[in-house]
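Okay, structure first, notes after.
When the chains are written out, they are named A, B, C and D in that same order, and each has its own residue count from 1.
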């Protein structure tokens, strides 16, 4: 029994396995988004009315593209974190499952917004869903890095902070879009459309990633 | 031919591959749960009735969250087992496929319960589904550990027992909820809602996982 | 350029990657089977008629279980083959994609049979689908093993033959069920229900797998 | 801090992880294609009308097979590229997500074409979708190989060019089919049906893959 200390860990889920579940849920959520777009069928739409029917579902397609990119942003965000996470524990696991719960809800919020793109309530549900996911992602990073709990020892505080700042920035943008939706729905929708594309852009921590340590001095913003 | 003993094993599925199929089925089942929630559409629900329509699907959303967490619990439960399983055989494989059959049925039972949250029959189907999955999970552990069949040699009987006890405890909770559903549906539903969250909590075997062998004396409960 | 011979292979897909796509398609096909079962909803089925509505979908549930096990058999069959396959080429890849095409069609054939469990045409479509998948699986093995094309060198002809025989046996059973369906639909359906469970049982090559080389003499049947 | 240069890379997604998301999206898109085929049900189609109902969905099945093979071609195309790609960066990641966006749209374009197989607009949407995906795949290769950005150093310019030429050839075929669709819909549909099968065939770079360096002289076309 004295040799059993290593193999007797009952709860030692490897981060890579949690990541596999995450990849699966993201891939599925991204792909089933499209199932919520109403495909016109000959039963209700005769061929000559097809152009009008497609114009009719244009908002759904737009919202679908927006959600796809947003899920992409959230996937990239989580994966970047996994790059540094080397251990997992029970609470971490459940933060992940809570994150996935919000991710898997996105297709529903997207369908709703596709149907009612300018309704305050639909924008509210959509915004709360994305904001919630972003905040859980912040918690995910916070939990993993606090006191170096689940990360590699050599991770510098600067990287921790930069990553945290980026997530908080995204959360702030979603919160603003959410508030704006309640005042001027069309402006809120426009902001929701812009946020993911801003997130695609490189950010402060990127330069010294590509160029290595020598670029470390210029990562202020 | 004398060298062929190793490479001629025809049925030697590695546990990691079975786990990959399991991850896939869990990820999909968790993500398609949401497809069963009825999204209001402008054809039947004019914008001004949207709040009422969303209140109307609230039970479906609640049941969806409950099922998501339950699937999370069952996923974690199985993955914890895989941490110790180092071999697979034909029967083990089919126990897994039986497990996945029950997992893939959860979206249907969830949809039914979402539509009829206080109907005895819907609660019964839901409860039998979850109870069945939990019992197959117990069988899975039983089969893998009996006589050390598929597990690492160094696995202590204490861990085997603690894990077994936890699964049996969950099965007992589901069984109680099932019985309660038949008597007082709303109480049964409430218990179903509580069980997954209790499962999220750490349990007896956790402390000595984090702290290593020196915590081994305190894992009585 | 003389050093480029290894890294310039443009088409060298590793079998493990093809297997990953296969696992994905199988996991999804198995999990979306359930989406084709008609869940009764309060719009059309008042609570007091729920028992009758569930009895009404019982054939769909039965066919779903049958298809799930059949997909399990086909997944196990292919994975057992991958245990020996160490290379992939272009034709092998496309045999796989053809196989997956038939696998992804199973949910449709299952839905059809669930609706019309005793119709010759529905049984015919179902049977052709499963028989086709089994024959492509035989081709898959044939192609991989002919002249040792894609398998490890040490693979004995006996294993090749035993595996081949098993697949051909399954194909024969499906073919019989298909013919029987056209004569006596209910008997054909019954045979379709039995075949997957027979496939779950161990077969000739199993004993000497568990016990190693010393069991090699008894693997005749 | 001087030792932190390696572990502080914040954006160093490994290509294998991106590939895992791609495999997931492809597997799902391929498998949910079938969900868009209208399965006849006893509510609207009495058993004796089943043959007619199946003939009625024949175009949907045909288009489904075509899309499945096309997705197979696009999957193989991307995976062949991954064989050479050893690094990933932020832009590469987003090119991938853009690619997946187009892939996940294929089920919708397929459903539309299945309903309206000879309508110019449906053929146009389908063609633009496939052409777009192919062009993004070309960009993917272009971006990864330009100046050896993300590929192994030893990759010869000849392989880069051959792969590029193949993708451009496919794009040209889709573009032709697209134009043809607008003039003679049935001819455009026929060409869409042929393209994927042509892509299944081996091409110029294949021979010297199988036979190694000595076949290098004969890979002109």
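As a convention for this text, a residue touches a chain if its C-beta (ideal position, glycine included) is under 8 Å from a C-beta of that chain, and two chains touch if they have at least 3 such contacts.
No experiment lies behind these values; they were computed from the predicted model shown.
Undergrad: Relative to subunit A, which chain's C-alpha centre is the most remote?
TA: The chain farthest from subunit A, judged by C-alpha centres, is C.
Undergrad: Turning subunit B onto subunit C with a C-alpha fit: angle in degrees, nearest 5?
TA: Going from subunit B to subunit C via C-alpha fit gives 90 degrees.
Undergrad: Taking all residue numbers at the subunit C/subunit D interface, are over half used by both copies (same) or under half (different)?
TA: different
Undergrad: CA centre of subunit A versus CA centre of subunit D: separation in Å?
TA: For subunit A versus subunit D, the centre distance works out to 25 Å.
Undergrad: Can you work out the whole-Å distance between the CA centroids of subunit A and subunit C?
TA: Distance between chain centres: 36 Å.
Undergrad: Tell me, which residues of subunit A touch at least two other chains?
TA: Subunit A, residues with two or more chain partners: 20, 23-24, 27-28, 32, 35.
Undergrad: Which of the residues in subunit A end up touching subunit D in this complex?
TA: 19-20, 23-24, 26-28, 30-35, 37, 39-42, 47, 50-51, 54, 65, 68-69, 72, 75-76, 79-80, 83-84, 152, 154-156, 158-159, 162-163, 200, 202, 205-206, 208-210, 212-213
Undergrad: Contact residues on subunit A for subunit B in the complex?
TA: By the definition above, subunit A touches subunit B via 1-5, 7-13, 17, 20-21, 23-25, 27-29, 32, 35-36, 38, 89-90, 93-94, 97, 100-101, 104-105, 107-108, 111-112, 115-116, 119, 121-122, 125.
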